[in-house]
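Input: structures, listed below.
Look for subunit A in each of the two complexes below; its partner is subunit B in the first and subunit C in the second.
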Partner chain A sequence: MAKEVFYSGCAAAAYGAKDARVEVISSYPIRPYTGIMMELSKLVANGELDAEFVLGEGEHAQVSIAYGASSAGARAYTGSSGVGVVYAMECYSPAAGGRLPCQMAIADRALDPPGDFGSEHTDVMSARDQGWIMGWAESPQEVYDNTIMFYKIGEDRRVLLPQFCCQDGYFVSHIPGKMQLEDQKAVDEFLPPFNSPHPLNPEKPINHGPQIYADQGSAIDVQRAMAFEGLPAVIEEVVADYNKQFGRSYSPFVDEYMMDDAEIAFFLQGGHARTARFAVNNLRKQGVKAGVARLRFVRPWPTDAVAESLSKVKAVGTIETSTSYGGATRGGNLVHELMASLYNVPNKPLVTSFMAGLGGEIVTLDMFYDMAKVLSGAVKNQKVNHSYWVNFEPEVPFRPE
Partner chain B sequence: MAKEVKTQNMELAKSLRQVDQEEYYVPGHRTCQGCGPALVYKLVSKAAGQDSIFLGPTGCMYVANTSYLCAPFAYNWMHTQITNGGAVASGIEAAYQVMIRKGKYKGPLPNIVVMAGDGGAIDIGLQAASAMMYRGHDVLFVMYDNESYANTGIQVSPATPYGANTTFTPPGKEVPEGRVLFPKDAPQLFIGGHPALHYVATASVAYPVDLINKCRKGLNYKGPAFVHLHAPCPKGWLFDARKTIEIAKLAIQTGMWVNYEWENGEYTYQHTPKEYKPVKEYMKDQYRFNHLTDAHYAKMQAFIDARLKAPGKPIAIPVQGPREQA
Partner chain C sequence: MSKYSIPKHLEVPIGACLPSPVKEQPGMITGNWRTERPVIDHEACTTCLNCFIYCPDGCWHLDEKTEQMVWNADYCKGCMICVNECPANCLSTVNELEFPDGVIRLEKPF
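And now, the complex of A and B:
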């Protein structure tokens, strides 16, 4: 039976993994994702989940254990935050290149220095080009749903790729929300057991990951690239199935709010979208035609969906929550790909990047109003900077409470 | 198709005649002439058999064995990073435990073997190796020791002996002996500190039956085992490629290498000579030691003499660390 609960993002991820019937779990403590493993360890200890709970000795090992388990044919689950995510960096490409669809929960966190527990997307955004599927949830419900959907997407024979199932640290991972746990039978029906096409199995020995001659490099890499080519169609299919089976209404790639007649738009991912929508409600009352386009997947980057959504407006600003020091716009990471998505669109909007929400800073309503001012000014003057550090520049000044 | 799965209760061999004649490490690799580690691979493959999953952390036995998308392994084999052989093996073993429990895999646990070089075992791979043994996964961790990072061009590793000329420890006016430090004691890193570990052994390519049996004993344990294998490297140690076995034997005759088992806390020693030859007998035919003076040989002899008082055990070694000298 489906059940209504009041769970944090961490608990939602754990129950998503439980209902996905994960078989091998590898843990290591780091805040804020730790809650996921605390919950799962209880479920295993109580006998509610039959899985091997392997105590990793670090994140590097966690990911190694997970893709090792996946190579043997088990459904594997791990997770991390912040510096832990980047400590494991070496292991991401072997998992993706081995086409081993394990899942890693991310409750994102700022990198050091300075020591900081707050949410920031820089940790796992640094791993966005390692061949993993990657997407953000904005609520505990979406965390639970994504956990199940991502396995279905990643384990699809047309795909076979590992997945980063991301949520904002604290803003989502630690704030409980009303959500629905689905009936186990229905989840089982939606997500059958992992059936690896290439397990390490004595019945049919295989050799995994031999060296290649340089000329063979492109030929191998193009296969991973082709898996990403086919991904959007699989995601659309899986999201539609999930919506239908469990009564949800997710857009596969871009979750739009008041975008139909919007002139300016906020473009972002994760939990700050909820503040953005609230700000848009208030801006609309003042006659500002604002909208929100929330990104659900960074990998695969949904070029067409992004272009379609944002070519409708006159100016768009990304709220970055990640850093790209010295990058093309001096802003964050999303803006580069947003610009690339819009480059060949006939009526492209003005695009800028708002650096905000770093280190777990709350992106307040006032900050959104200031950003709206910048975007409206851009429409009026047909000119905008590449990026703005919110609170630190005349256009978006610091405004004490 | 694999033959009937035979794991956990493999018989020990009395002579090479009793060892499976079939090769599971087949021709087609491009290891050097006289390669000790390749011989190790051949023997460990015979010990474990075809119903195995071998993990190959980066090293010679990855790079020289698997070229152009080909590999010489007639069993399951997977490359791991040089860092994570122990961790990937842990994941595979955990997966089999749960899949067997749930009936998703029918059959006994396959033999799971990590084939790590000295770097992948006790340098960059030490953390993963230790954690795997600590957690008690049913995996045989093999360290094939050619005493250097050989694949990258013979750089020093923690297993490199004192006085060796490697491409990171070249002898020169300021550092006449080249390699200044004495090696880590690999088995001692694991013995005693890992409650779930009951079997640690050392063996040499010079004694293949002993090597095979020690691997099988390790595999037969329901839990982790560590086997440290002496694998002379003609290219790195700079000796005539015909002399691999001769060098391996000399190592034992001079006390530079000692074959022993540590089983549930008890040590037993094998192939101990009645009288040890001077270490120079072993070192003189290896060009990597060619620059050493008698004073250096004496220093090495003092180290070996001390270690031979209790091989595999923690004892005082009369060696000054680099900060103690001066």
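And now, the complex of A and C:
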């Protein structure tokens, strides 16, 4: 029977992994994701989950263990935060190139310097070009659901790719929310055991990760590109199935809030979307036609869905939560791909980016109101800057509490 | 159907997972990477097979006729993991220069 609980994002991820019946877990502590492993180790110790729980000597080893387990045909689970995510960087491309659909839970944390525990998406956004599926949840419920859905997507024979299942550190990972755990039998039915096309097997010896000739390099890369080409259709299928089976209403790629008649829109991913929706409610009361478009997947980037959603508005601002120093807009990462998605659309909106939510900063309602002012001004003047660093520019000034 | 077509001669199985050749490949000799090698004292060896299990390159095996461990000089890279793992302390590390057939890297670097 489905069960209603009050869980943090960390517990939600752990129970998602448990209900997905992961077979090998590799762990190494770093906050805030470490709560996931604490929960999972308890489940394994109590006998509620039959899995190998392996301690890595670091994140590089953690992902290597998941790589090995996935090669052997097991459903492998690992995770990290912040500097741990980038320490494992070498292992991401081999897992994707080897087409090993292990999952890595991410609870975002800022990178150093100096030591910073706060939430920021730069950690795993730095790995967005390594061939992994990547998407953000905004609530514990979505973390749980994504954990199960991502395995189903990644293990599909048309896909076979590893997945970053991301949530904001603290804002999602450590704030409990009411959520529903699904019936194990129903989850089993939705997500059958992983059936690897190339498991390690002494009866039929194979090589994983062999040396290749230089001119085969592109041929392997185009294989990965092909998997990504077909990925949006698989995601739509899996999300629709999940919605149907468990009574959810996820949009596969872009979660829209009051976008139908919106003139300005906030475009963002993760937990800050909840504040954005509150801000939009208040802005609407003042007659500002604002909306929120929340991105659920960064990889594959849903070009068509993003273009369709945001060509409805006159101005859109990304709330970046990650950095891309010296990038085309001198802002974050989302804006580059948002602009690229909209470039060939006839009625494209004005686009800007707001640098906010970095290093664990809370993006407040006041900040959203200032950003809305910039966007409304953009519509009026038909002009906008590429980026605004919130708190540090006159249009979006610092506002003491 | 995909819009890409890969020429036959560049085709690679998914994930580049290939059938293993199972036997030794003379084109991939790695023994000349060594600077030192493990030497076994058969008297002390208990054939516990730790070296066989731990060797990352499969360079130890048990000869069932002689009941002795056999070392593969062509592929051992000299990592000495076996020496570290041997519970009977029957393996020792010896420099390649000590052997007439030792790997002499200055003369033959590759």
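Couple of notes before you dig in:
Just so we're on the same page, the second predicted complex is superposed on the first by the 401 of 401 C-alpha atoms of A that agree within 3 Å, B and C clash if a C-alpha of one lies under 4 Å from a C-alpha of the other, contacts with A are read in each partner's own complex, and residues count from 1 in each chain.
In the analysis below, a residue touches a chain if its C-beta (ideal position, glycine included) is under 8 Å from a C-beta of that chain, and two chains touch if they have at least 3 such contacts.
Predicted model, so just to flag it, every value in this text is computed and none were measured.
After superposition onto subunit A, the modelled positions of subunit B and subunit C overlap sterically.
By the touch criterion defined above, A:R99 reaches subunit C but does not reach subunit B.
Contacts of A:P197 after superposition on the shared chain: subunit C is touched, whereas subunit B is not.
Taking subunit A as the reference, the larger set of touched residues comes from B, when subunit B and subunit C are compared. When the shared chain is aligned, no partner comes close enough to touch A:P349: not subunit B, not subunit C. By the touch criterion defined above, A:G58 reaches subunit B but does not reach subunit C.
Looking at the shared chain after the overlay, A:L160 reaches subunit C, while subunit B stays out of its contact range.
Using the contact criterion defined above for the overlaid structures, shared-chain residue A:A76 touches subunit B, although it does not reach subunit C.
Looking at the shared chain after the overlay, A:E23 reaches subunit B, while subunit C stays out of its contact range. Look at A:A66: by the touch rule set out above, it reaches subunit B but stays clear of subunit C. With both structures placed on the common chain, the touch criterion links A:D50 to subunit B but leaves subunit C unconnected. Among the candidate segments 78-86, 240-248, 294-302 or 312-320, the part of subunit B whose C-alpha atoms clash with subunit C in the superposed model is 240-248. Overlap of the subunit B and subunit C interfaces on subunit A comprises residues 98, 204-210, 212, 216. Interface of subunit B with subunit A (complex): residues 1-2, 5, 50-53, 62-63, 66-71, 73-81, 83-84, 86-92, 94-99, 101-102, 104-105, 107, 110, 127-128, 130-131, 134-135. Those residues of subunit A lying in contact with subunit B across their complex are 23-24, 26, 50-52, 54-58, 60-61, 64-74, 76, 90-91, 94, 98, 193, 200-213, 216. Against subunit A, in their complex, subunit C makes its touches with residues 2-4, 6-7, 10-20, 22. The touching residues of subunit A, counted against subunit C in their complex, run 97-100, 160, 197-198, 204-210, 212, 215-216, 218-220, 222-223, 225-226, 229-230.
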